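First the structure, then my questions, so here it is.
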Amino acid sequence: MTARLPEAVTALREQLVGLHTELVRWGLVAWTAGNVSARVPGADLLVIKPSGVSYDDLSAEAIVVCDLNGDLVDGELTPSSDTAAHAYVYRHMDDVGGVVHTHSTYASAWAARGEPVPCVLTAMADEFGGEIPVGPFALIGDDSIGKGIVSTLAGHRSPAVLMRNHGVFTVGPDPKAAVKAAVMCEDVARTTHLARSLGEPVPIDQSDIDRLHQRYQNVYGQ
Amino acid sequence: MTARLPEAVTALREQLVGLHTELVRWGLVAWTAGNVSARVPGADLLVIKPSGVSYDDLSAEAIVVCDLNGDLVDGELTPSSDTAAHAYVYRHMDDVGGVVHTHSTYASAWAARGEPVPCVLTAMADEFGGEIPVGPFALIGDDSIGKGIVSTLAGHRSPAVLMRNHGVFTVGPDPKAAVKAAVMCEDVARTTHLARSLGEPVPIDQSDIDRLHQRYQNVYGQ
Amino acid sequence: MTARLPEAVTALREQLVGLHTELVRWGLVAWTAGNVSARVPGADLLVIKPSGVSYDDLSAEAIVVCDLNGDLVDGELTPSSDTAAHAYVYRHMDDVGGVVHTHSTYASAWAARGEPVPCVLTAMADEFGGEIPVGPFALIGDDSIGKGIVSTLAGHRSPAVLMRNHGVFTVGPDPKAAVKAAVMCEDVARTTHLARSLGEPVPIDQSDIDRLHQRYQNVYGQ
Amino acid sequence: MTARLPEAVTALREQLVGLHTELVRWGLVAWTAGNVSARVPGADLLVIKPSGVSYDDLSAEAIVVCDLNGDLVDGELTPSSDTAAHAYVYRHMDDVGGVVHTHSTYASAWAARGEPVPCVLTAMADEFGGEIPVGPFALIGDDSIGKGIVSTLAGHRSPAVLMRNHGVFTVGPDPKAAVKAAVMCEDVARTTHLARSLGEPVPIDQSDIDRLHQRYQNVYGQ
C-alpha cells in the first residue's frame, strides 16, 4: 500500500516526529497526551501520531496515514483517538495544513472554567488577534469535537480554541505553525492567569489589537 | 539466596530503574522522596527502591526484593521505608501489579487540605473515572497507611489516592501503569488547582464521566 | 561589505548566540519571542537577533548588524522587529552596551496590570535598587517603545522596565549584564508575585535598599 | 600556601562543585545567587564558592578556603559575599559541617512576608520537625546575618531558617545534608504555599510531628 502514497508523506512523517518533541520541550504534554497532524498536500490524506505511544518511542515509521474520514490508510498502529477531530477540521477548513491538540496546563485551566483568555498582552494581539475563545463541551467518538472546533474558530481570528473541560486545539497553514500556536497559547494563558490572580489586567483597545495583529501577520519573521 | 529468586526479578529490577527516572523526568519527586514497586508475578514477592538512595545512584542491583510482609529477601540495602504500605496493597488487591508513592507538589497540596480533586477535566474522567479521593491521616511504621490506601480505593474507580497531609499512592496492573497514574494525577491536580484559583470550574455530568472513562479504558492505546 | 565591519563584530556575534541560549535556559522565552543586542564599541552599530529565527537555528552568521537607526548594515536576514527599540536606547543612553527584550512570564504579568514590582527582597535591592518601574503602552513600528524605555529608566536605578501590556526591556554596560538583569527581573517578579498572593510582603526601608544597592554595585563579584 | 592546607580540602573542593550543580538541578538558584560551604574537619577553616562566578564556570580550583572569620586563606578569587554569615555559623554551631544559602522562590516568598512555613506535611515533620522559622531582617556586611541564623535555629529543630525579605540558610552535619535541607525546604514551602492558596491545610498534631521526626532522623536511609 505504501507505494501508492504521495511522496510528501515521508517528509511529513519525519517532521511530525520533531514537532512532537517540541510539545515535550515546551512543557505542553504529560505522558502521551497530545498530538500533531499534518494534511498531505494535494491528497485527501493526513498524517498523525498513533494512539498512546510515548514521545520517546515515536519514529517516522510509527506515524500513521489516514484519509480525511480518519480511517487508517497506512501504518502498523492505531491512529490517535483524536483523529476524527483532526480529520473534521481538514474537511471543513481548506486553509489548514496542520492541527495540534494538547491539554497544556494553563490553557486547560481556562477551559475547565469555560472562560476565554482575554487579550491583554501585545504578544497575544500579535498571534491571536483577540481573545482565545472557548468551544463547547463535546464527547469523543463522533464529529462533536471537530464541529465544536470549526464553528468556534469561524467567529475569531485566533488559531487556538479551548474546548470546555478538555484542552486546546490549534490550527495553522502547516503543522509547525500549529505547534507555534499551541506554544504561544499556553504562554499567554499562563501570563494572563498570573496577571489576573493579583488584580485586573489593563485592557488593550480593540483598534490597537487590530493594528498589532495586522502588522505581526505581515511583517514579522523572514 | 539470589539463585532461588524467580527469573522475572531480573527484568523487574531493570524496569524499576527506568521507572524511577520517569518520576524525576515528570517532576514528581524532590531529592529521594518517591518510590516505585512491582509485584513479582507468580510469587509472594515484590521489588522496590532501597531507602534514601538518590535516583542517580539507582542500579538494578540496588533494587531490593521483599516478601509481601515487607521483609527483605534479596539485596544489600535497606528497603524503602514505605515498603510496608506497598506490601499491604499487594496482599489486599490481587489485581495490582505496581505501586507508586510520591509527594508530587499539586497533589500533595490537595492532600494537605484533605480535599479530593474534583473531576472537571475529560482527561481526568478518562484516567480516574471521577474524583481523586483522600485517604486518612496515617503514621508510618505499621499497616495504617496500607489500610488507608486500600479502604479508600475500594470506593472509587481512581487508581490514585491522596493520603491526608502526606502525598500520593497510585496502583496499576503493572508498575508502568502505576507510574502513568502518578504522572496524570499530578497533571490533573495542577490544572484543577489553577482552574479553581480564578473561579469555579464547570462540572461534568456523571453520565459523561462514565462514558469517557468506559471508552478510555477500552479503546485508547494500542 | 563585511570587510569594513569593526573587528569586535565577530566576537559579539558569537557572544550573542550564547546569550540567547541563556534566555532559553532560564525560561525567559517561548518559541522565538525574545532578543539580545549589543552595541559595537567605537562604532555607531549594533548587533541583534534576526526576526522569527528559532534559538536552535541561531548561528553567529545569522546575527545581523544594524546602524543606530536600526537599518541593516550586514547580514542575510531581516533584523528583529524590536530593532528600532534597541537602537533608540543606544542612541539615547551612552552607558548602555547591551539590551535584552523578553516576555518572561511573571514580569509580563505585572506589566499586564501596569503595576511596578515592589522592592521587598534584598536581592532586588541589590540588582535593581528599588522597584522595577512600568513604562507606557506603546505600539511597535516607530520610536514609541524606545522613548518609553528611556524616559522610564531615567527616573529609576533599575536596569529593567516593564512595558505595559507587553514585556520586559533590560539594559546593561554589556549584553551579559543585560541578560543577567533579565534573569533577575523574572526571578524577583516571580518571588514577589508569590509573596503577594498570600498576603502583604514586609516593606524594606528605603535607607536599607540604598545601602544594599550601593554595596552590591561596588563589592559583589570578582 | 596550598602545601599547608589539610588534605581534606582537596576532596571538599571537588564535592562543593557537585553540590552547587544540585542547586541548579533542583531549581533553587537564578544566575549566581546561591552558595554552599563546608567546614574543613579538624581545622578552623571552611571552603566556599567564590563571589559572582557562574555555576558553569565553577571548578575545584575556583573554590576558595577561608578561616572561620571569613578571611581568605587559599584561592585566587574573592570569596562569596555571604562568607561572613557562613563563618559565623561554623564558629557558633559545633555540629554544623555544611551551610547552604539560596533565594529559592517559594521559601523566599514566605520570607518576604516574614511568615514561617507551617508544618502541615508529613515530609516536613520528617525533615524539619516543625515549622520552618523566620529570622530577622539583617544587612550584609557584618555578623548580623550570622547572628540571626544562629539565634533563630537555636529555638527550632529545623535545619532551615528563612531570613526576612532575603532567602534561606540551611545547615547540616555535612554539606550534602545542608543541600538536601535546602531542596526539601523549597519543596515543602511550595506545596504549603499552594495548599494555602485554596484554603486552610489540616493541622498535624504536635505529638504526630514529634513521632514522625523522631522516626525519620533515626530509621530513614541506609
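Chains: A, B, C and D, in written order; residue numbering restarts at 1 for each.
One rule holds in what follows: a contact is a pair of C-beta atoms (placed from the backbone, for glycine too) under 8 Å apart; a residue touches a chain by one contact, two chains touch by 3 or more.
Remember, predicted model here, so these are calculated numbers, not experimental data.
Two copies of one chain, chain C and chain D, form a contact in which under half of the residue numbers belong to both partners.
Each chain gets one centre point, the mean of its Cα atoms, and the points for chain B and chain D are 31 Å apart.
In terms of their C-alpha centroids, the spacing between chain B and chain C amounts to 44 Å. Multi-chain contact residues, meaning those touching two or more other chains, occur in chain A at positions 197.
Taken as a graph of touching chains, this assembly is arranged as a ring, one closed cycle with exactly two partners per chain. The part of chain C that touches chain A in the complex is made up of residues 30-31, 33, 50-53, 77-78, 81, 103, 105-106, 108-110, 112-115, 137, 139-141, 164-167, 193, 196-197.
Chain D meets chain B in the complex at residues 26, 120-123, 180, 183-184, 186-187, 190-192, 194-195, 197-202, 204, 208, 211-212, 215, 219-222.
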